[in-house]
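Every chain is named by a letter (A, B and C) in the order it is written, and numbering of its residues begins at 1.
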Amino acid sequence: MLVYLGTDLLAAWGLNLEFGVAGVANFAYIVLVAAGAYFYAVFTLGPPAAMGGFQQYIIGARLPVAVAVALAALICGGLGCLIGVTGLKRLRADYQAMVMLVISILATTIIGADTGLFNGNAGLSLIPNPLASVNPAHRGWYYVAVVGAVCAAGYLVLRRFTTGPFGRVLRAVREDEDAAIAVGKNVVGLRLAVQAVGGVYAGLSGALLAGFIGGWSPSAWEYVETLALLTAIIVGGLGNDAGVLLGVVIVPVLILQGVQFLPQIKSAPQLAGDLGWIILGLLTIAFVFARPQGLIPERRPRLGVPGVPAEAGALAPAVGTGPAGPAPITAVQAGAPLTRAVPGDGGRAPILSVDGLVKRYGGVRAVDGASFTAVAGGITGLIGPNGAGKSTVLGLVSGFVRPDAGRITFDGRDVAALPAHRRARFGIIRTFQLPREFRALTTIENLLVAAPGQRGESAAGMAAGRWLWRRDEDELAEAARGLLRLFGMADTADKRAGRLSGGQKRMLEVMRALMAGPRLLLLDEPMAGLAPALAERLEAACRQLADAGMSILLVEHELGVVERLCETVVVMAQGKVISTGPMAELRTRKEVQDAYVVG
Amino acid sequence: MSSADAAEPVPALATHQLTAGYGDVPVVRGVDLTVGEGQLVAVVGPNGAGKSTLLKAILGLARVMGGRGLADGRDITGRPLDQLARLGIGYVPQVDVFDPLKVSENLNMGGYLLGKADRIARMEEVLAIFPALRSKLNRYVSTMSGGERKMTAIARALMLSPRVLVLDEPTAGLSAVLTESVLADQVRALADRGHAVLLVEQKAQAALRLAHTASVLVRGQVVMSAPAAEVLASREMAEVFLGGRGRRQK
Amino acid sequence: MSVFIEAVGFGIAAGAVIALGAVGFTVQFGISNVLNITYGALMTLAAYLGYALLSVGVAVWTALAVAAAGIALASAGLNRLLIAPLRRRGTGFVGVVIVTVAAGIIIQYCIVAIAGPDTVSYGQQAGSTVRAAGLVLTTSQLIIIGLTVAAMLALHLLLTRTQLGRAMRATSANPVVARSCGIRTERIIDVTWLISGALCGAAGVALAITTVTFDFTLGPIFLIYMIAAAVLGGIGQPYGAMLGGLVVGVGTQVAAAYTSPAYQDVYAFGLLILMLLIRPRGLLAAGTASARRLAG
C-alpha cells in the first residue's frame, strides 16, 4: 500500500503541476501513467518469443531496469507534449477537458483492441521487478524504500517548478493567458514544458507501479483513474504540493484501497470497490461545492515589506505634489524594470508608425486604413467616439489582433508579423480596458511576474536553483515595492489581486505593464471608472514617466486628461484617422465635433 | 430635478439615489431619474460614464449597492427581469433579438405571457405600428439589416404593451440616416403613443433633439438634468463631450 | 458490394440510436450551456432499468417508455440539484465538467453495486428480418429507426410549433431578452433537461436492444459516439446532430466492415478528435450564434 501511495503521489504531483498550477485540465493524464507502465514493461521484458510466446508486444529489449525507467519517463514526457498540443487550440476549457477525456477512452480502446502493441485487453504479465535480485521476503520493504526515495527526489525537483519565479509565471498563465502574453511570456512554450514534466512524473509513476505489480492491462487505467487523481488534488488543495500529499493519502489510498478492508460480502466481492468509487464521486462533488480550494489551499509568499504604515495607502497625497513624489520614480528607474524606458537617441523621432492598418470583422471594417505615428519620449493620445476602432488599433499594435493589411513599424523594425509575446519582449506593452489581474497571485507577485528576462524562469534558473536568481528576485521585489509606493498601494502588496477594488486593479494593470519594461506603453482607457483621487495619481504618474523618457500611446475617453497629458492627439472615427493635432486645436475642428457629438 | 417632473404624481419609472456597479465597484453613484407616461427621457454622456450600467441596475442586471428603482411607485430594486416584464417594463438591450428565430417568432416570444388569442390580436396591433415587418414575418432575424433588426426588437418589446420601455443605445452600429429615422419614427413615436421611454444614447445630439427631458451622466453621476432642448442649447454640452476646463473638481 | 450494403443497413440502425442520444445531448448543451458527461451514465442506467423491467416480464417497448420517463426525471433532478446551483455560484466550466464526471461515476458504480459487473443481455429474439433495396434489417432495428424518426419529428414540432419550444430556442439564443419577455429561463432549462433525459433514456434502452450484450461501461463509451455526432453536426444544433448520428453510424459500420470490428470505436473517436481540432464548429455551422460560443 505504501508503494501505491508513492506511485499515486508521483502521478498526482505531475497532474497537479498541469492542472493545479498551470491550469490544464488533463483528463487524459492516466494515459501517460499507463504509457509509462507499458514502456517500462516492454523495455525490460525479453523478446516475446523468448518469453514463452503467449503474449504479443513490441520491442522486448531486455534493457536494464534503470534505463527502462528513464526511457519510459522520457517517452511519457514526449507524449505529454503531444497531448498538450491539443490543449493549445483555443477551445473553451470544458471542450479541452472533453477532448482529453475522449483521448483517454480512445487510448484504452486502441490498446485493448490491438494485440500487437501491448497484448490487448489481456495485458502484459511477467514484467520484471526492478528488485529481482533482492530476497523476495524483504523485497516489499526495499521497494517502498526505492519508491520513497524517488518521491523525495521528485518532490525536490517539483518544488523548482511549482515555487519561485517559474511557478509564479505558470500560475499567471493559468489565471489569464492573454495578460501573461501581454507581458512577454511565451505561453505555448510554458504549457509544453509543463506537459512534458507532468508526463515524466506520470511515466515514473507508471513504471514503478508496473514493476511492482508485475502486470499491466487496460483495466488498470480506465479514465475514472484520472478522476481519482483529480479528486486527490481537489481534496488536498489545487496547486499545493503538500496538500496533494494529503489528498493522495485520503483519496486513492484511504478510500479506494481502504474499502478493501471493509467486511466482505461473499456474494458480491466487488461491492467494496464500487463503494470506494461512489464515495470518491460524492467527495469530489462535495469539495467543488463547499471547499473548491481544498483542505490546504495554495499559499503565496509574503513579499511586501512588513509593517508598511497604512498612510501610504489610498489617502496619501497625490504623487508629484507630495515630497515623496518624484523621488520614487528615479528609485524605480535605477532598478531593473524601467531602465529601458530611456530612449537611446533622445530625439523626437517616432517610435511607432502605423501605416494603412485594416482590420475587418465579418463585413465590418473595425479599422479601415488607419495611419499615424507616436513620438518617442512623449504621450500620444488616441481618441474617438464608441466603435471608432481605438481598442482594435491597440490590439493590432500589441499583436493580439492580426491585421488584414497595413504596416506596424516599431523602432525601425516591422513587427506586424510577430506574435504578441515577442512584441512585448521588444517593449510594446499593453494594458487591458477591463483589468485582467492574475487573481490568485498577490499584488506584488502580479508585478514580479511581469519583469522581463528573469533567470528564475529559465531552464538554467531551475536547474541551478535559488542561489542563481535569489538576488535578481530581491532586486525585482524592491523595484516592485517602489512602484507600489509610487501608486500608493504599498499596503496591498501581499493581498491577492482578485480581492483588490476595481480602482486598485486598474492601477495594478498599469503597474504591471511598467514592470514589464515597456519602451512603448499602450494604455487602454486607464482612467475609466477610477475614483478622482486615483485618476489624479495615475495622471501624475503618466506625466512623470513621459518626463523620464517613456513613450506612451494613450486611449482615453476623459478628454481633459488627454489635453493635459498629450502633446499630439490622434482622433479616430469609424475606423479611420480623421484628425491629428494638439487637443485644444482639435476641439475647434468641425470634423471632430461632428464625430463626437453627432456620432 | 425639474419642476415638470415633480408635477407627475407617481412616475411610471423612477430611480432614487441609485448606486450600482459590478463586483464591489460602483459605476453609477446616486442617480435620480423620473420618467412619466408619454415622456421620452434621454440619458446621454461620454463613453464610460455609466449609462448602460444605470439601465442594468434598474433592470436587476447589475449589482445595486444603494438607492432604489421604482415603477409606478412600487419598489423594483433587484427584481429579476422576467418579473419586471410582468410589471409592464419592456427592455431592448443592445443585443436585442433572437437571431435564430423568425420575425414572427420573435414577436410571438415578446407576447409569451399572453394567451393565444390575445397574442394574435396584439401582434396585429404591433404590425399596424410597424407595417414594414408584415412582409418579413417569415424571415429569420439573422438575415436582416440593422434597422430591421431594431424594428423587430422594439416591436417584440411592445408585444406586452409595457407602460415603460427601456432602450439601450438603439442606434448603435446604425448609419447617420438610419439613426435619425429609428429615433424619430420608432423611439419618439413610442412616447407619443403614451409609453414612458427611458433612452440611453451615445449619439447625444440626435437623442436630445427628440427627447422631452434629458439627464447628462458624467463619471457615473448626473451633472445636468433639464428639458432636452435646454441641454442641447447649453454651452456645457460640447464641453461635457469634448472636455475642457474645470469640470473635474477636487 | 453486398458487404457495403449490409454495413450501410447496420449503420443506419446504429446511426438511429446515436442520433436519438446525440440530439438530446446537443439540445441540452445548446440551451443550458453545460457539457454533461453524466449523460453517458444515465444511458447505462436506462439500459439496466430496461433490463430490470424485462426480467419482471414487462414488454420491451413498454420498458423503453418507462425508462425514458425515469431518466427524464433523473436528468431534471440532476440539473436542479447539481448543475443549477453550480451555475448560480459561477463555478467555471472545468469545475462543472468534473462534477458531471463525478456524478456519472457515482451512477455507474451504483449500477455495478446493484446489478453486478457481469455483462447482461435483453435476450430478445432477433425477430424476422425485412429486406428492402438490398438492406437487411431486423424488426427491432426497424422499430428503433421508426422511433428515432418519430422522436425527431416530435422534437422538430416542439421546437418550431409550440410556445415551449420557441421559448427553449429563445432562451438559447438570448437569455437576457428571453427573461425580458417574461420567460422564466431557469424553468425552461429544467424542461430542457427533462426532454433530453427522455431522449437519453430511450436511446439507452434502444442501444441495449441493438447490442447483444452490455455491461456498466455501456454509456461512457457510447457517449463518445454521441459527442462525435453532436460535434459533427455543430454542437447545440439538433438537426446537425441527427445528420451527425447517421454519418457516424454508417461511417463506423462501413469502415469496420472493411477492416476489423474491433476498430469501430477507434474510427468514431478518431473522427471526433479530428473534428474538434479542425472544425470545432461542426460541418454545417457557418458561424451561428450557438457555435460562436465555443470560441475563446
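As a convention for this text, a contact is a pair of C-beta atoms (placed from the backbone, for glycine too) under 8 Å apart; a residue touches a chain by one contact, two chains touch by 3 or more.
Since the structure is predicted, the reported quantities are computational estimates derived from the model, not experimental observations.
S.K.: Quick check for the class: compute each chain's Cα centroid; which one is farthest from the centroid of subunit A?
M.R.: Checked the centroid distances; the maximum from subunit A is B.
S.K.: Kindly indicate the chain pair that has more C-beta pairs in contact than all others.
M.R.: After tallying contacts for each pair, the winner is A-C.
S.K.: Taking the mean of each chain's Cα atoms, which chain ends up nearest the overall Cα mean?
M.R.: That would be A.
S.K.: Averaging over Cα atoms per chain, report the distance between subunit A and subunit B in Å.
M.R.: Here the centre of subunit B sits 42 Å away from the centre of subunit A.
S.K.: Could you please state the distance in Å, as a whole number, between where the Cα atoms of subunit B are centred and where those of subunit C are centred?
M.R.: Roughly 43 Å separates the two chain centres.
S.K.: Distance between subunit A and subunit C based on Cα centroids, please, to the nearest Å.
M.R.: 35
S.K.: For subunit B, which residues count as touching subunit C in their complex?
M.R.: Going by the criterion above, the answer is residues 59, 61, 80-82, 84-86, 90-91, 93, 95-101, 105, 108-113, 142, 153, 156-157, 159-160.
S.K.: Residues of subunit A touching subunit B in their complex?
M.R.: It is residues 385-387, 501-503, 525, 528-529, 532, 557-563, 583, 587, 592-593, 596-599 of subunit A that touch subunit B.
S.K.: What residues of subunit C sit close enough to touch subunit B in their complex?
M.R.: 163, 166-167, 169-170, 172-174, 176-185, 288-290
S.K.: Per the contact definition, I'd like the list of subunit A residues that touch subunit C in the complex.
M.R.: Against subunit C, subunit A makes touches at 25, 27, 86, 89-95, 97-99, 101-103, 105-106, 109-110, 113-114, 223-224, 227, 230-231, 234, 268, 270-271, 274-275, 277-278, 280-282, 284-285, 288-289, 292.
S.K.: Where on subunit C is subunit A touching in the complex?
M.R.: Residue list for subunit C touching subunit A: 35, 37, 82, 85-86, 89, 91-99, 101-106, 108-110, 112-113, 116-117, 220-221, 224, 227, 260, 262-263, 265-266, 269-270, 272-273, 276-277, 280, 293-296.
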